[in-house]
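Okay, so chain A shows up in both of these, paired with chain B first and chain C after.
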Partner chain A sequence: MAEFSQAAIIGVSLGAQYALLALGFTLIFGILGVVNFAHGGFYMLGGYVAYSCVAYAGLPYPLAVLVAVIATGALGWIFELYLLERMVDDHLATLMLTLGLYLVMSTGLLTIFGPLSMEFAFPVKGAMHLGPIYVPRENLIVLAICLTTIAALWLVLYRTDLGRGLRALADDRAIAMAQGLRPKLLFPLAFAIATALAGLTGALVTPILSLSPGVGDPVLATSFLTVILGGLGSLEGAALAAFVVGVVEAFSSVYFGGSIGALVLFVLVLLLLVFRPTGLLGRTVRGA
Partner chain B sequence: MRRNLLGWADLIALLVLAAGFFVPMLTHSVLVYSILNQVFTGVIAAESVWIMLRMNLLSFATPTFMAIGGYTVAIAGEYNVTDAFLMTAASFILPALVAIPLGALVLRLRGTYFVLVTFVLSQIMQLVLFETPSLTGGSNGIAGVPPVTLFGTEMGTNRQVLEFACGLAMLATLITGLLTRWFRQHFAAIEENEILAESLGLVVWRYKAMGFVVAAGISGLAGYSLVNMLLTAHPSSFDSGTAVDFIAYTIIGGRVSILGPVLGTGALVYATNLFGTHGQYAQGLYGVLILVVVLVARGGIVGTVAALWRRRTS
Partner chain C sequence: MRHLLLAVAAIMLPATAFAQSCELKIGAMGPMSGGGAQWGLSMKSAAELAAAEVNQQGGVKIDGKTCKVAVVSYDSKYTPDGAAAGANALAGQDIHLIIGPVGSVENAAVKPVAARNGELAWNAAYATNAQEPKYPLMFQVSPPPAIWADLVIKRAMKTFPMKSVAIVVPNDQTGTDVASVDGAAYKANGVAATSEFYQRGTTNFAPIITRVLATHPDAVDTASSAPGDAGVIVKQLRLAGFTGPIGRVGGPGTAEILRVSGGMDVLKDFYWYEAVPTDDPKVQAIDDEYRKLLGHDPVGGTTFWSYLPGARMTMKALQTAGTNDADKVAAVLRTMPVEDPNIGKGYWTGKKYFGIQQTLFFPFGIGIIKDGKNLGVERQEAQPE
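Here is the complex of A and B:
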């Protein structure tokens, strides 16, 4: 029973991390219609910025995380404003632009930091014992920050004029623009929010897992899997699917080991597409 | 209406590749042979990407079908089945057969979903390779694949490996050229506006399925060429990241003509080798070139040269 509960807690913790990543990914697609192949790159960049702040500038970890969020958000803003914006309606071109950016980012980080993993440890150690269940404190802290961020994002999107504007652009760009909404302001902002979320996840999670130039690839694959499962462009679907993916991954690694769980998950997602191509909570979105 | 089987671009591509047969007369450099082998394998893989791009579909599934073709040859080699004709047919047909049910699944999807699902397919293939050690050797792969035999003669020297890779690349180019020439208008209609093409009576799924199945077969040939070059079938050779390289070859070379993947592969494989033992940094070069092509030179190398030529002659 303790094993089951521990797997469930790890699953929820993983799910919260995946939700942060997938929400950013699906936010960009829902609003801009862009598949962001650089999402894993922003995750990686967030990790490296936080690491550099701690290791070279001597900043405390929480401040380093904040710097990572600002840096990845700012880079996302600039990239959208000066490059993506020029061809935002061309799906293939924007996809290629983000792919190009990812290759440049990962090579840049490889050049600066080398191919080896960084020694970047989470500042809080130890574990909490809830009866027979053993939960690392770092996982609980990351879970709390992820859940708080998801709640904050939900409030911004569903309880503020900014969020209403972004959702209006996602629903029907032409009508939203006719109502006076300005995509030139809101598109870079949406992209910056999404990349900042990826940067935040990277800064929080890489000290627990690992930080090397290749960590963006599995993140991208997980983001893809999650948004396909949840329905491309659906925020609720992405959040739900992220927890499904996290829990399945945790249970399969505890009970089956190896990569059988991941394989089953990938195949299930493919089968889901046969019966429901728009995912769990998705709807038909432009370009998809 | 009379329809040519091949266009000028296809013939030029075939001639460029055929030049590979004459290289051993000029040099015996192992480095040159190695680079050319990489180019020929890359050209075949890039052509499979190009076929799908002719219908505005960006596919990340190339390594998936390469793995099927490559492992088919490696597993057959374990039973001493090495005949070139038999293995060429098998490495084309098996991936194509696998592509039929997969195509029925993924070709229901358009644009973005298609991209994502083909990416997921390449991840699934990696996991399958690792999880089936009794068949594929798991994380160790299959080493010591015997060289191909042609009319009973073993093609094991560097020169013979190069000539065989050159022959496979020409075969792939011929198939690609025939397919895209024969269905040129259909593919162009789908690329331009799929919904409009369908509303005008074009049975879109039929052409997309045909393209997907043939592209899978071509990828299988690339897998064969790769395994025959390395004499090893290993999961890392068919990593989903390699799909990015083949896409880069095609986009940077130019998607307007079959010369794009041929010249793009040649240029980028050569450039990658300039990095020497630091080949991992070549990805940055690919990234910069992709950004440049998308932002300022949409036609890639071939499209830009053609545009400059037209401007000069007009």
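Here is the complex of A and C:
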């Protein structure tokens, strides 16, 4: 029973982190039709910016997280506006551009900070123990921030004109443009929101786990898996799938071990794609 | 007469220019990006220092010409396809001496490719088949756990008596091989060992930790997991309330584990293997030598120090052979005494374990941290086979 409860706690905690990453990833695909291969890079960059603010500028950690969010959002905005925008409808070109950006980011960080993991610790330490069950305090804080951010994103997308505009562009770009919506303004904004989400996750999670130039690789794989499971381009699907992935990963790893646990997740996604190719809450994938 | 002098000068000029530009390239291969970047960059640092030392002496004489040695590095990304492509790419540049690859998965791919291309390569792999008699051009920078695991465990048990241990390793060849070798060494010392495997690339080990703690082990051994992974494992083990000793009967990386886990207070009780006696000032002086000759800091620490003797011996063998033909350099290497100006005297080993005696065995170290206090790295002399 203790293992079951522990697996559930780990699963929810993982799910919240995956949700932040997957929401950004699916936001970019849903609105721009671009698969952002640099998503893991923005996660990594968020971690390094927060680390630099704490270690070199002496900023308090919450402020460092804020700087990381702004920096990753700004870089995403500039990248979309000046590079991606020029060939946003050419899938091969956007793939190469985002992949290239990831390589530049990871190599740049490797050159600047070196290959070793940084000494970057979350300011709140310790865990709450209830018999054999434990909940790290840092995970609780990250969970609260993740859930708040997801709620805020939902409000922006579903309760504001900006959100309606973004969703309209995702639904049908031609009609949205005919209604006066401006992709040149909204595309960079959507990209910036998504990369800021990845940067936020990196700034929150890397001090709990580790920060080195390789930490972006698994992030891309997890984000991809989650949005495919949820339905490419579906925000609700991505959020739901993130928690499914987190919980399945936690339970399968606890009960079947690290090797089979990872396999269970992929088998689940494969089965889902066979029986429901559009994903959990998928609608018809955008026709961009 | 003036025309004659000009003609002689014109004939001499290309010859002089050619002699000055003679350059012999050697390869440095390993993961230079991603999680294992430290290891690959250590290989590069080792090759660079060995080459710089030779160049400082005026270079190497190859086929009658004095050549400067240049290092060409290749990022094999800790993947078999990357390593095989690297061996081919280096051969394409007429490079026949390679310092690298690092891991077992890379080494498995490089062995047949290097044999086909006529390349001599130095691996740092821990797999049970890292060296094979059918690949005589493969050499090894340091011995695998089968040679020293028993000594490390015996020393650890003096400070940390234990009856059971859980070994946490990645589920690739390096991890499974080291888990079986370490497990056998623990059992030989009366310690019940279980293994827990994870997928390389795992970032959150909380589910694995839950499994490990369900078996109530006295100790946990992070064996050959990457130092960054091991740091997270240590951190999450302590968060989960584990108070027993944590070991590392595998690759070096304690400094990084210390950084990632959160420091001495978190690490608390720890025992580990160092490929060289790291507390020896002569060993630490290698970094000063590197800075003096190359003008910047080396990458790697222990891994760099332990890869260096192989690179230095290759340079010596190259000078003696007078050619970069891999077979001839290998033949010289096999006859050379194992000695390094910084590390000390060692031996060739591997005959019993691999069936081929082409593994360097130098003095090594066993480190102990007790109650959050570093007791230092004890020097262990290498023993002949």
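FYI, the second predicted complex is superposed on the first by the 281 of 288 C-alpha atoms of A that agree within 3 Å, B and C clash if a C-alpha of one lies under 4 Å from a C-alpha of the other, contacts with A are read in each partner's own complex, and residues count from 1 in each chain.
The definition used in the following text is that a residue touches a chain if its C-beta (ideal position, glycine included) is under 8 Å from a C-beta of that chain, and two chains touch if they have at least 3 such contacts.
Computed from a prediction, not measured in an experiment: that's the story for all the values here.
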### Task
After lining both complexes up on chain A, report clash or fit for chain B versus chain C.
clash
### Task
Please work out whether A:Thr111 is in contact with chain B alone, chain C alone, both, or neither, and reply first, second, both or neither.
first
### Message
Per the contact definition in the header, classify A:Leu14: touching chain B only (first), chain C only (second), both, or neither.
### Response
second
### Task
For A:Ala221, decide between first (touching chain B), second (touching chain C), both and neither.
both
#### Entry: Partner chain(s) touched by A:Pro136 [first = chain B, second = chain C, both, neither]
second
### Task
Answer with first, second, both or neither: which of chain B and chain C does A:Ala121 touch in the superposed model?
second
### Query
Which partner does A:Gly257 contact after superposing on A: first (chain B), second (chain C), both, neither?
second
#### Entry: First, second, both or neither for A:Thr148, with chain B first and chain C second
neither
### Task
Check whether A:Thr160 is in contact with chain B, with chain C, with both or with neither, and answer first, second, both or neither.
neither
### Message
Taking the superposition on A as described, I'd like to know which of chain B and chain C A:Leu209 touches: first, second, both or neither.
### Response
second
### Message
After superposing on chain A, which of these stretches of chain C ends up overlapping chain B: 78-86, 222-230 or 366-374?
### Response
78-86
### Summary
The intersection of the chain A residues contacting chain B with those contacting chain C is 106-107, 110, 115, 217, 221, 258-259, 262
### Query
Of all residues in chain A, which touch chain C in the complex?
3, 6-7, 10, 13-14, 106-107, 110, 114-119, 121, 125-127, 129, 134, 136, 209-210, 212-215, 217-218, 221, 249-250, 253-254, 257-259, 261-262
### Query
Which residues, counting only chain B, touch chain A once they are in their complex?
56, 58, 105-106, 108-113, 115-117, 119-121, 123-124, 127-128, 130-131, 240-241, 244, 247-248, 251, 280-281, 283-284, 286-291, 293-295, 298
### Summary
In the complex, the residues of chain C that touch chain A are 32-38, 41, 171, 196-199, 201-204, 206-208, 210-211, 214, 227-229, 231-232, 239-241, 255-256, 259-260, 262, 299
#### Entry: Sites on chain A touched by chain B in the complex
29, 35, 83, 86-87, 91-93, 95-97, 99-108, 110-111, 115, 217, 221, 224-225, 227-228, 232, 258-260, 262-263, 266-267, 269-270, 273-274, 277, 287-288
